[in-house]
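A short worksheet on the structure shown next.
Chain IDs A, B, C and D follow the sequence of writing; residue 1 opens each chain.
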Amino acid sequence: MITAASPELVDKLVLANRIIYDQGVVDGMGHVSVRHNALPNAFLLSANRAPGLVRRADIVAYDLDGQALVADAPRPYLERFIHAEIYRARPDVNAVVHSHSPNVIPFSITRTPLKPVFHMAGFLGSGAGFFEIREAAGDTDMLIREPYLGQALARSLGGHTCVLMRGHGSTVVGSSLEQAVYRAVYMESNAKIQLQANGLGEIEFLNEREARLAADCNDTQLQRPWFLWVSKLGELDLDS
Amino acid sequence: MITAASPELVDKLVLANRIIYDQGVVDGMGHVSVRHNALPNAFLLSANRAPGLVRRADIVAYDLDGQALVADAPRPYLERFIHAEIYRARPDVNAVVHSHSPNVIPFSITRTPLKPVFHMAGFLGSGAGFFEIREAAGDTDMLIREPYLGQALARSLGGHTCVLMRGHGSTVVGSSLEQAVYRAVYMESNAKIQLQANGLGEIEFLNEREARLAADCNDTQLQRPWFLWVSKLGELDLDS
Amino acid sequence: MITAASPELVDKLVLANRIIYDQGVVDGMGHVSVRHNALPNAFLLSANRAPGLVRRADIVAYDLDGQALVADAPRPYLERFIHAEIYRARPDVNAVVHSHSPNVIPFSITRTPLKPVFHMAGFLGSGAGFFEIREAAGDTDMLIREPYLGQALARSLGGHTCVLMRGHGSTVVGSSLEQAVYRAVYMESNAKIQLQANGLGEIEFLNEREARLAADCNDTQLQRPWFLWVSKLGELDLDS
Amino acid sequence: MITAASPELVDKLVLANRIIYDQGVVDGMGHVSVRHNALPNAFLLSANRAPGLVRRADIVAYDLDGQALVADAPRPYLERFIHAEIYRARPDVNAVVHSHSPNVIPFSITRTPLKPVFHMAGFLGSGAGFFEIREAAGDTDMLIREPYLGQALARSLGGHTCVLMRGHGSTVVGSSLEQAVYRAVYMESNAKIQLQANGLGEIEFLNEREARLAADCNDTQLQRPWFLWVSKLGELDLDS
């Protein structure tokens, strides 16, 4: 018998889906997952549905090969291997957000380094990984639709908090849903500010020590924005 | 007796009108049409009304000369010839969106090629057509208000998925309403990202094969954003 | 006895106030007026109140010296002389919008000509007037708070449809409230597009003949966006 | 016994919190304070909570060492020393807003002077202070989490109306909540306009005398936007 995920974790994952839509990180595409609370080699992810519309019943548990743990699971996202292979490669990671958030993409297609312009994005201090799918697979439809592509992406992520995906978008990780969602929101904010500053003059970024110290501090404040973002969703019915 | 359009198609066209307004593709101007389900040489288009306010009763069937099929039709859009002549020239096209979506216009007035920066816009891989109305008609009010102008526009569209119209806006086509609306939304997104990336450095675009493969894949996912966009409209009364 | 303004005109002016706020032309500042229907040397303008909150009871009739026609009028806007002196200088003008709409200001402070990038802004074809308050009055608080400043502004407006005010904002005129509001909305849209296109390459603007023809045509379509903008205001109580 | 703050002032501070969120000055982070009406060496500030969610019960009185006046106060903001030390250094200041408003940050990280592009931002005429935390403390987490950092920030503020904080955000002051909130909103607006104008050409800023005269005038108009911003909050329950 398969151990069921905790109802609290399922609810939090539904909230995370709605938040990343409400905060403009994703539109109809993109996804967020969390590692299974009882099965370290499994994770929870919605079936094929826009994140802003995800309900409890859409949450499916997958193994690290991207196979649903139950036989009659609904149609999955094509790119569930992003999540599967990152959970396999990174035991410290418990949550993953994949998006096409628009201000980050210019960095992925010009290879301009995305670096922390303010303390809120201290988690960018170690730099972002960079993934060029052509190196792994030549010309493709750009999607991480096979395990070997997920493995290549996980290698590009390395020990970073995020990876830019050329011609596609980005993926961020965290030790919790709150942290991964926070990073997804502020990676987009940082990118927008960096784009604007780029035209003004030479940018003084946080140095690595500032970035690390800021990131450590922000991790003690994650509940404040999370609570705001949940409140902003208004009256909630997680079942519809 | 004229064959009536299917009520389902009329409803979908009303939804498409509301979506392109809600998603910021059009403001008070612009329009979306669909080829008649029973009469291949006719198409459905709203009468002269802002897309965000279009109701079932506003939908009129026109022939490919832009003439309403019924005698007492309400005041039409001046530019219905955009639709008429594209349906005549392109049997593969079943839906057309014409808009002034703001991030696309800079490309039309500087002749900078609009190219796919991410897989969501793979349909741009064959490039956009370019229409200079001066070549067809000298100095005009810029509108496609006559059949010969629609024919010139259709020639500039050629076999592409979209055409940039200098000093005016753009027109995108699709094999279905879902596909044409998807393309209108993501042409605007792609343009915004390309504008931002332009100031950062040299852009690595999707190559033609990547774009084609991505476009083919996206076509299998059209229901996900469409369902989101309909849901976002909230409580719906298609009659008022 | 003073001839009362028509209730229909008062209502339309209240709507115009709410629209220019809802459409992002004004924030808490800025104003819109209309020439009095029965007294050509008078105009209607709200008392000192944010346009988005203007009610029927806030509308005051002023003469062309900026004096209220009734003795007990509420506190006026400091800059009512913008309106008064333009109505005096331009018998063809029946409505005036003054705003700080944000995308227009960069043109006023860099003296970059604002020119029509698309047919919707054909009314810019004759160019915008340019007003430098230092030439009229040296160092000031930038406000048109005296009749002689309004006269200087009206001279800079000349026969144009709008005038850029350095370090301040802009003023647009029309033969009707619908036309002036339309122009205020699309001057801002045009400015935003022109700003974006500026970084891409050399811009092909509408030439003067295209602009004039487009403007003439748009004037036949004013009811479509006006009706949309009113509808967007939702449930309306013009008294509160 | 501690003198209680006036209920009217507490309510106004709750409104100020909600306004700076609604107007986009802050997201989940940032804060606004007001000097205590009865105790000049104390100030009112919310406990650790997103400004958009602050309620009457969250308001805490602190002394100028950043210590809560009551023993059982809820968890405070880490950066209350921003407020404490500015109130100590500037007897003329009665309200402080600290934010990461996004368009201001590019100026803080490129050392490009933020200067008044329009009369609404005349308060920028004396220039903004500039704070580099490295000069005070070397590599840090960027936060003003100790009194000596607050003192260094207050020295960088000097007699200005605002101070840019490298890699962090900005802080603005006022003689009243209305004035500080006004300045926070229009500092962001000015920054956005200046960023856009920067790419167009050389900018003609307000000169110092224009800026001072404009600022003096704006101070007579503060109630108009404040009333709009409160109205925009809709139905209000200051207790939840």
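Assume a contact is a pair of C-beta atoms (placed from the backbone, for glycine too) under 8 Å apart; a residue touches a chain by one contact, two chains touch by 3 or more.
Since the model is a prediction, treat every value here as computed from it, not as a measurement.
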Those chains which touch chain C and also touch chain B: none
Whole-Å separation of chain centres (CA-atom averages), chain A against chain C: 46
Chain A-chain D separation of Cα centroids, rounded to whole Å: 33
Where chain B touches two or more other chains, by residue: 199
Contact graph of the chains (line, ring, star, complete, other): ring
Residue ranges of chain C in contact with chain D within the complex: 27-29, 48-50, 52-53, 78, 100, 102-103, 105-107, 109-112, 139-143, 166-169, 195, 198-199
Touch list for chain D against partner chain C, complex: 116-120, 122, 189, 192-193, 196-197, 199-207, 209-210, 213-214, 216-217, 221, 224-225, 227-229, 231-232
